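Got some structures for you, see below.
One chain, chain A, appears in both complexes that follow, with chain B as partner in the first and chain C in the second.
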Partner chain A sequence: MDTRISPNASFHTDAVKLTLLQSSGAVPLEAIPVLDYADFYDLLVERLANPECHCLTYYGFPWRNEIRCLACIADDTHHTVEVYAYALPKSDNLRLEAISEKIPAMHIFERELAENFGIDFFGHPWLKPVRLAWNRSDLSQTLRNYPFYAIDSESLHEVGVGPIHAGVIEPGHFRFICNGEEILHLEIQLGYQHRGVEHLFVQHKKLTQRTVLAESIAGDTAVGHTWAFAQVMEALMHLQPDETTELNRTLALELERMAIHTGDMSALFVDVAYQLGSAVLGVLRTPLINFFQQWCGNRFAKGLVRVGYSPYPLQPALAEQLDKMLIAYKARYLQMMEHALSLPSVQARFEKNGEVSLAQMQTIGAVGMAARMAGLARDIRISHPFGNFRQSPIATHLKEGGDVWARAHLRHDEILTSMQYLRDHLPKLQPAVQNIPTSYPALPAEHFALALTEGWRGEICHCAVTDQHGEIAHYKVKDPSMHNWLALALACRNLDISDFPVNNKSFNLSYCGFDL
Partner chain B sequence: MQILTLVLILLASLFFIGVINQTKSFVSGRKSPNPWQPLKDWWRLARKSSIYSRDTSFIFQIAPTISFASILCAILVIPFDNHKGLLSFEGDFVFFAYILATGKFFLILGALDTGSSFEGMGANREALYSLLVEPALFILLGSLAMVTDHSSFYDIFTAMHFNTSVSFLIGGLSAYVLVQVAMIENSRLPIDDPKTHLELTMVHEVMVLDHSGFDLAMLQYANALKFSMYGMLIFNFLHNIELWLPFKILMYFGVQYVFAVLIGLLESFRARAAMQRNPEVIFVLTAMSILIFFGALILMNKFSI
Partner chain C sequence: MIAEYKILRKHGWQFIPDVFAVTLPESYQQGRPIITELAVANEILQKAIENCPTGALSGQADALQIDLGACVFCGECQRICGSDKIKFTNDYQIATNAREGLVVRQGQHPPIRLQPDKIRKEIRSYFGGSLKLRQISAAGDNSAEWELNACSNPNFDMGRFGIEFLASPRHCDGIVITGPISQNMAEATQICYDAVPNPKIVVLAGTDAISGGIFAGSPALDRSFLDKYPIDLYVPGNPPHPLAFICGILDLMRSRKK
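Presenting the complex of A and B:
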């Protein structure tokens, strides 16, 4: 943590103290200067105009008698996170100028603020509800009167898909406006799985309860989310996990990435009805996922990440087993993928399917895979290194084209890179013992903490605020899907409606991570 | 012995889908389901009563029955080698094509009757692909009628003799076109994917989403029946020797089995075509039928190269 006077003379106020954090950190809440909204607006618009900066999260919470709003901006050049704040009185008719008008990527955060606190952001294109949270400010907004976009035309028709998914995965409603088989517009409405995760973090006081909750934010990103939660807690408690713990978490994160990417490649082949590819990759995913069972007793790596320590440090004997498994995996995987990706019928389905441009992804503030597949370099492992990525960086991949082909190839490259990273670091593991802390320090009063990780989908950001007694007063989760669902909607413009499922799968965004 | 064709087709339909599933499982390294599983499924469905949406009319209720009946009627005109089918008359191949089309027409009406946007989409696609596949089938059958100078299935097949290289080419091409037409008519790869769970990509499957119980059993069994019907046609192309009847029957089941395995293999090693490319895939079949047509002209010395 570090505070400094802004060197940038063009900032409006004479001396704005910038609160700077690394990939994780905690600061006293009062160290974050509360700006006027006008200054906040100018600062954000100026910072976000820089393509190296993007907004990690921007949210509000009730603080004493007001609403405190925080915006966290990641600066990829300086590897820092800047925190800006402003305060609003609790009132029924709050009107603020929308930042979205100038920086469209902020649209989702302003919609969320509008939904939760009834703030009217004027100039915002459309303040429709984000997830219909149970504690939203206007309870008359429901799924029944959701303001869907409609085009009045005799020649167009609407196709509504969901909320029950055909494969009974997670619920979400997709409404297409089509001209024959061509999609003109896709509107995605989520919120069916809103569980009140952020509220539950405050409600449940025990650390174990909270950790298990973090594991359940998105079942397919257990390591990513739990690690972010652990970092928040460790930052607040000033705990520095030892190297073994950091290495264990890093390896788990990369193994999770490999396993999910492999399963997704299989699912991509299912959606284009390429049976051999889907069957072989489905088989290959199993040993990866099952290895977690041997490692920590759960196939989805639940229980592997705990605050301050590593409950199941990977032992050299087991690591050797993983290495052998990876060697066997690699041979079979490469054999299958080299064949599958050169198959004309697969190429015909993947290439030029659901294209998005770099400029579009920049505009909507896409993160993680959805950014990298269009050539936008956003990877927290590189820009804000955490865990073992600080000592030994991992390679990141960029693709051009932004189509299903790019998304499939990005997965392919990331699988191979993660595998190499795992194999390079497995021999470094020493026999280790569980180093369970006997007690945890109390959380400091009135602090703000933030943590970033790069899950397989992209950047995960967790924030916590403690009250005057050192209890968590507010917890904020941001899954990469928050930014990226719009990318899917853009990819579907002028697409054949039968190509939607393979596009949806190629993004594979989280419903529950978004709904919270 | 005119009932023989019908009996043989019904028998082959019992194992056809099971063999396709077995093949697909085998080549993808999975344990295959019981080959008689489709039979058990049909039996399970057939004992259930159907549920009808309040928004549908009688069209929806009669559509599966008409569709099934149309396939049974179409089977009646198909001969088994030199044994006539139950019906045989001049121009019966036209009857064959259009009685099938009638069944499909009612199925499409039934799908539209539900008012579901999915089913409307599926009906639209099915109508388009059936429309496009018609020229391929008719140019093929027309060419054969021209070569043999007959217009009933029985006469065409008994009059057909393979003796020149051009006629072998015609036989081979015809078998290929028929296999592909059978794949399209039965909603298989590359036009449709019978295994997909995604309504937006479905063609035939989405049209039967609202059917249940006995109706669904009929529709599912109709698929198997259609397959073995095309299998019988292909067998008729390949026969050209006078054999002892039991041998011929054995050979028939062999052809049906190989046909089912072939479909399983064709579906296993490729991805499905993009929906907007499907018309091109079907046009290629029409082009091949035109090749058969010119081959026939050469055979009859009406056209020289």
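Presenting the complex of A and C:
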């Protein structure tokens, strides 16, 4: 198997699509054939009917005097990404047949296209605004006047929560329609966190600015998102980071996964009123993120990933400290978790709470943890390996049941697997120096690049398009939460409303990653 | 019961006894920077200024300065100039109540502290013993929010000082804003502030909140709220360290015991 194919060679063209091998690459934009919408529609419906395929991203951007739309489809069996395109004239009167009617997982992308460009996707079940971006096509639509879904009935009532929630967390609005204590319907409206991230990738011209921006897409996933950004840039620049850099990034990604999962387990115990579990796991998260502080100076690993090199290559002595810390962590972690998960009071609140089925997750196109906890095998580390996962695969876990219990157990398994992966690879680190590039190559003109990583929430996809001067003309970010928020809404159906918090925490989806 | 006792024993005490006297590891590079008088070639300085992602680093060869209210602590300037010219230290006490107090100048290394004469009188008389805060994440990236949550965990345990985050603004004495304040959060931020009874304080936690950080200049922001009210405390950081936040709040509430 090729460990990495040079970005241009990694694509081969056939009549209608481009196929990109593995997790990142760049091609001239004109190499992506522009289809008629009818052909695009048929091809996507055909490919997405295959359960081994799913849509990574589907978006539009202004290109010359038209709107160019690209859909990137992951094929898990062949470890490839297919890119399909069509073009639309700029017009106030765009109507297209919705793919969502046949492939519901496409709903979110069509909603985004509708919001950004005013495209009317007929047959779409609900063209609900995604985030009310500052540059949306219809500025008269706002979060204030947004008409929430309503049911007219004397026996039902609505509960509105947010944008500001009770705790110290990000804002979003949840609108419950309840029959007594029971949730019939949950509508989630986001957009409060919208900062114009994609626009800023174009507005900011310096690489340092763009890198810091990538770190701030979701500050709890600094490694996952910044690595995707770095891969996009490296694909465009034809830079191949050395093995040390790739290994450093891989280990950082798994440490990030462990740290967040540990904090999330603590939060789950808060919501079932198990104070000791919450306190102990909160304390156990501290040495993990403090290790990042020792490694790169920042508890959230901001600064650790840079385009083309590793500013803080992990040295053997520090790696040994990490290993020792993990041994100590493991003993304490297992002692706590084995006890906590055996408690009837915890089991009673986790089991059969917020169940979703495999079929539902397949239908909505769930990715990452939200897919795996219901038995749907989606993991970019396995299907489109990147970094050190190419040479040295990591185990992925699947759960059945799709309830809070499954989500908690998946985290538990992933913590242990990431820890083992770290411990297996730490001894491989050699003394290394910072390999700071003296300068970076210019970006090629009119190219498209794509990169994938698997952050702790799931699949992250970044895409960039350059203009005729080699400047970034458009940048697209997809956080796994794009797909997965709907999973939370489905999990909450027919639950008691008091079970909402623990379900929300069990998914722990990103507001800022979604709102951008 | 016995299992839980064993767990408790294994973990022992976790809290940091004196939050003002912690020595963070040398590798912590998010503290107060020092800019020395060392002569560095002009191209190098220009390169550092040019590469600074937020314009926090500015000035001439003999008068460089870093505005911690804009700095995202990326370490780029230190990497370019060398750590004998610019060094981010492990001094985490970088909160202050004066915006200009966040500017660190070449050759001057005083600690960053609050300016007592600028602390509004009612703050210490009303809130000296306890301070309840409503946190508003206004497009924060969730790292500052995690750090503010960590302030209440068993390690940092700010509850022992009477400082707490509460759910209802009506029970609170002030707000703590994280994030650069998006247009879509501007109204909610105002409503929440209005719901806090007088007198009340405003704290900005993290570089994004203080200056917009890497989001400064984005057309999706609306920072007009900040022009309307006095800001009582700035806690820089990307994200702010829990100790920076707790020490800053404590200095605002009461004078340090000698």
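Going forward, the second predicted complex is superposed on the first by the 497 of 516 C-alpha atoms of A that agree within 3 Å, B and C clash if a C-alpha of one lies under 4 Å from a C-alpha of the other, contacts with A are read in each partner's own complex, and residues count from 1 in each chain.
Here is the rule we go by: a residue touches a chain if its C-beta (ideal position, glycine included) is under 8 Å from a C-beta of that chain, and two chains touch if they have at least 3 such contacts.
Just so you know, these numbers come straight off a predicted model, no measurement behind them.
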(Q) Just checking: does A:D271 make contact with chain B only, chain C only, both, or neither of them? Give me first, second, both or neither. (A) first
Q: Name the contact category of A:P33: first (chain B only), second (chain C only), both, or neither.
A: neither
Q) chain A residues in contact: does chain B have more, or chain C? A) C
Q) First (chain B), second (chain C), both or neither: which does A:G375 touch? A) neither
Q: Mind working out whether A:A279 is in touch with chain B, chain C, both or neither, as first, second, both or neither?
A: both
Q. Which partner does A:Q193 contact after superposing on A: first (chain B), second (chain C), both, neither?
A. second
Q) After superposition on the shared chain, which partner residues are touched by A:A222: those of chain B (first), chain C (second), both, or neither? A) second
(Q) Under the stated touch criterion, which partner chain does A:I497 make contact with: chain B (first), chain C (second), both, or neither? (A) first
Q: Pick one for A:P444: touches chain B only (first), chain C only (second), both, or neither.
A: neither
(Q) Applying the document's definition of touch, where does A:C512 land relative to chain B and chain C: first, second, both, or neither? (A) second
Q: Find the residues of chain A that appear in the contact set with chain B and again in the contact set with chain C.
A: 166-167, 276, 279-280, 283
**Q.** Footprint of chain A on chain C - complex, ascending
**A.** 3-4, 6-8, 10-11, 14, 24-25, 27-30, 50-54, 72-76, 79, 88, 135-150, 153-155, 165, 167, 179-180, 182-185, 187-188, 192, 208, 213-215, 217-221, 238-239, 241
Q | Interface residues, chain B side, partner chain A - complex | A | 24, 27-30, 117-118, 120-121, 189-190, 193, 195-201, 267-277
Q: Spell out the part of chain A that touches chain C in their complex, as residue ranges.
A: 131-135, 143-144, 163-164, 166-171, 191-196, 199-200, 203-204, 206, 208-209, 211-213, 216-220, 222, 263, 276, 279-280, 282-283, 286, 293-300, 302-303, 311, 332, 335-336, 339, 434, 436, 510-512, 515
**Q.** Parts of chain A lying in touch with chain B, wherever the complex brings them together
**A.** 157-161, 166-167, 181, 269, 271-276, 279-280, 283, 343, 345-346, 348-349, 353, 496-501
